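Labels for the chains are A, B and C, by order of writing; each one numbers its residues from 1.
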């Protein structure tokens, strides 16, 4: 980790000494990691390790945070989440965040465009054909897999090139997980940068370039995907599987 | 089942002539217009801010007073007031939200309720000190003076205008919230403000403007009321309790619920004034109690 | 003197529909009376307390008990809202204190609910009914429909007016009772319209009356050939309505600031101290009542409530506002009543120049004969 601390900022997204709090509880205790442009990076760790909070802290969605979060070399620690979004970062939250008072089309069109170059509706429908047939349905009436597609599809429209995905495969059938895996691979091929929170490291191994392992609100290890097999025993220990 | 209910030469219902009944129903609709306008504002505010805006009655009163002041100090008539007053009073709402309410969102709802209730008392007290309680006159706009005989009743033109204007405002508000992009932001932010903000939308500003809009609706109702009721500091305090009952019956935060319930309860109250006038002030609360027993979330509300 | 200081409590509506016609103005009037009596020069220490009873009998009763028991108040003045006044009258009697009513209207205060500790100064429902009702029936208004405030005062006013109408050969075609502090009268006005009565009698007061009058004009009641009779209308109501809406209303008062040099002087002085609002007859009644009360206390050298009230009844009254008069055994203060008509906007020459006095009803005819009231104090 000392190496990372001293590295120059060549990364697209980097945090240094990131701390975060919910009310009185101190969740993150100095998180350091970085994501290079075009990479898919995962945050692995047990429940409660601070993965989701790290994602939310990057996005400015926690009550209180300190340290440094830089995107394209610019500091974002003091920015509210709406300004962060406008810099070209989009989030697909845990539990998907589909709005029940909006129909599928409204959900899809909700996030405003923050940059040119987002996918057109036709491209989103091509990626997720199921959505097109259910545009008038209430958002939360979709199946879990369809909701996940909706949650990813809507942020692809915005033109953001940095995506934060929080457990996109959670609770989904294997065939859907595979479809999501293919989608992420395709997005990577198109040059998107993706930070992924995952419990399922087998899934992560199929798509990620590097893995950060978190414990108790800190990053404790970084494993390049190529060395995953060699470090399997260590990972089992970290994750308690 | 029973044969269809038929009557011959039915010219009265429980001893009340049908003609009079039509008149009373129409009157009920007019009062319902005010209930709908005010409960709509409350519903909009509650939906996004999760605050029960107890200042609403005072803001309605301010609407009437600002109209009076514009007329007496600046010579601006009713139509000007209808356009300007919601802006002016809405702006005071924006200031209140920025300076005070926005500090309370993290706390229990009770604090917002107490703050807005206290503000209402202060505002009413200030106006009472300055203008007394017997009320101030406000002239009917010349274009709407007079009325027409509908056969079963004399309908003042102004009251017809009240129904048309408030229906228009209610439907317009409903349309914006349910059918437009802006409305989808509002609805989404009601469910999950943090996520909507993380999509790049300035949710705090939207909350501020929403409160301002809700207040502007109250002020609009105040201007509508000025020519028919005395412009007096307690005019809102009397009305707002009824409107709260309307909101509770309709379901907190439900836009359509507040509009439909507002008009419907106006009708029911109108009927009560014919059959048992002594109860006309209480009938709405009786309905509220019954609704709460069987549907605690209100007729149009969803349990959170 | 029980404790070296005379404490006067002014109890009325400080924040709702009767606050302008009673309210702080009554405190101003009481202070003026103390000043004019020359209490300071005579070495008498007089204090004024004030409370808002919110038109609730329980609140009013609690204040009265607290004042009598804890704060050593010797006499309570004003108390509009007949419901509250009846409650305070009973408490005053139980405690042996003094109660001089100006604001409340019900004639029961000197009728079946009369008390040796209560004086009713300014006006009452019988006098209003008699003054206004008679005048209207005489000019052809012989069929009536009542809009009545649904509490003690409204019921009494309706009952007393109905009696006058029936006695003069008129008839009552219908009545509707509305809750106190009603905003919207359109429904009731529609019923009045449907009744085809010549006269729509407003047995209510304050904000209820002004709202009803304002909306009656909107619904074309007067244009349709019916007339409005405001049975209890105050100067501040006329001010709030504006002459445009109020013109032509006929009703009965016992005081108007523009009667003579003395009343005009009082009116000016009062208005200066009361945000420009001119005195209603209730304010005048508080002034005259306090003045007469202090005279009795001075003569007796005692503030014992029952004795002071008896002394007040024994002493002929004389004050700049109501002139010479007297208080009867039943507690009724008698003085002439004024049948007034509200001026047209073109007739009004100055601010608060609102009334034409159409007739003066002599004191002995203005109020209900002592024997008819059913008061147990009358032998």
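Here is the rule we use: a residue touches a chain if its C-beta (ideal position, glycine included) is under 8 Å from a C-beta of that chain, and two chains touch if they have at least 3 such contacts.
Since we're looking at a predicted model, the values are computed, not measured.
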Practice task
Compare the CA centroid of chain C with every other chain's and tell me the farthest one.
Solution key: A
Practice task
Taking all protein C-alpha atoms shown, work out their mean, then name the chain whose own C-alpha mean is nearest to it.
Solution key: B
Practice task
State, to the nearest whole Å, the distance from the C-alpha centre of chain A to the C-alpha centre of chain C.
Solution key: 76
Handout entry: Centre distance in Å when chain A and chain B are each reduced to the mean of their C-alpha atoms
Key = 44
Practice task
Indicate the whole-number Å distance between the mean C-alpha point of chain B and the mean C-alpha point of chain C.
Solution key: 36
Exercise for the section: Going through chain C residue by residue, note those that touch at least 2 other chains and give them in order. Expected result: none
Handout entry: Contact set on chain C toward chain B in their complex
Key = 15-21, 23, 150, 176-179, 181-184, 186-188, 190-191, 193-194, 206-207, 210-211, 214-215, 218-220, 224, 236-237, 239-242, 244-245, 275, 277
Problem - chain B-touching residues of chain A, taken from the complex the two chains share - result: 59-61, 63, 80-82, 84-86, 90-91, 93, 97, 99-102, 106, 109-112, 114, 155, 158
Handout entry: Of all residues in chain B, those that touch chain A in their complex
Key = 106, 181, 184-185, 187-188, 190-192, 194-204
Practice task
Report the residues of chain B in contact with chain C in the complex, numbered from low to high.
Solution key: 17, 19-20, 23-24, 27-28, 30-31, 128, 132-137, 139-140, 146-147, 153-154, 156, 158-159, 228-230, 232, 234-235, 238-239, 270, 273-274, 277-278, 280-281
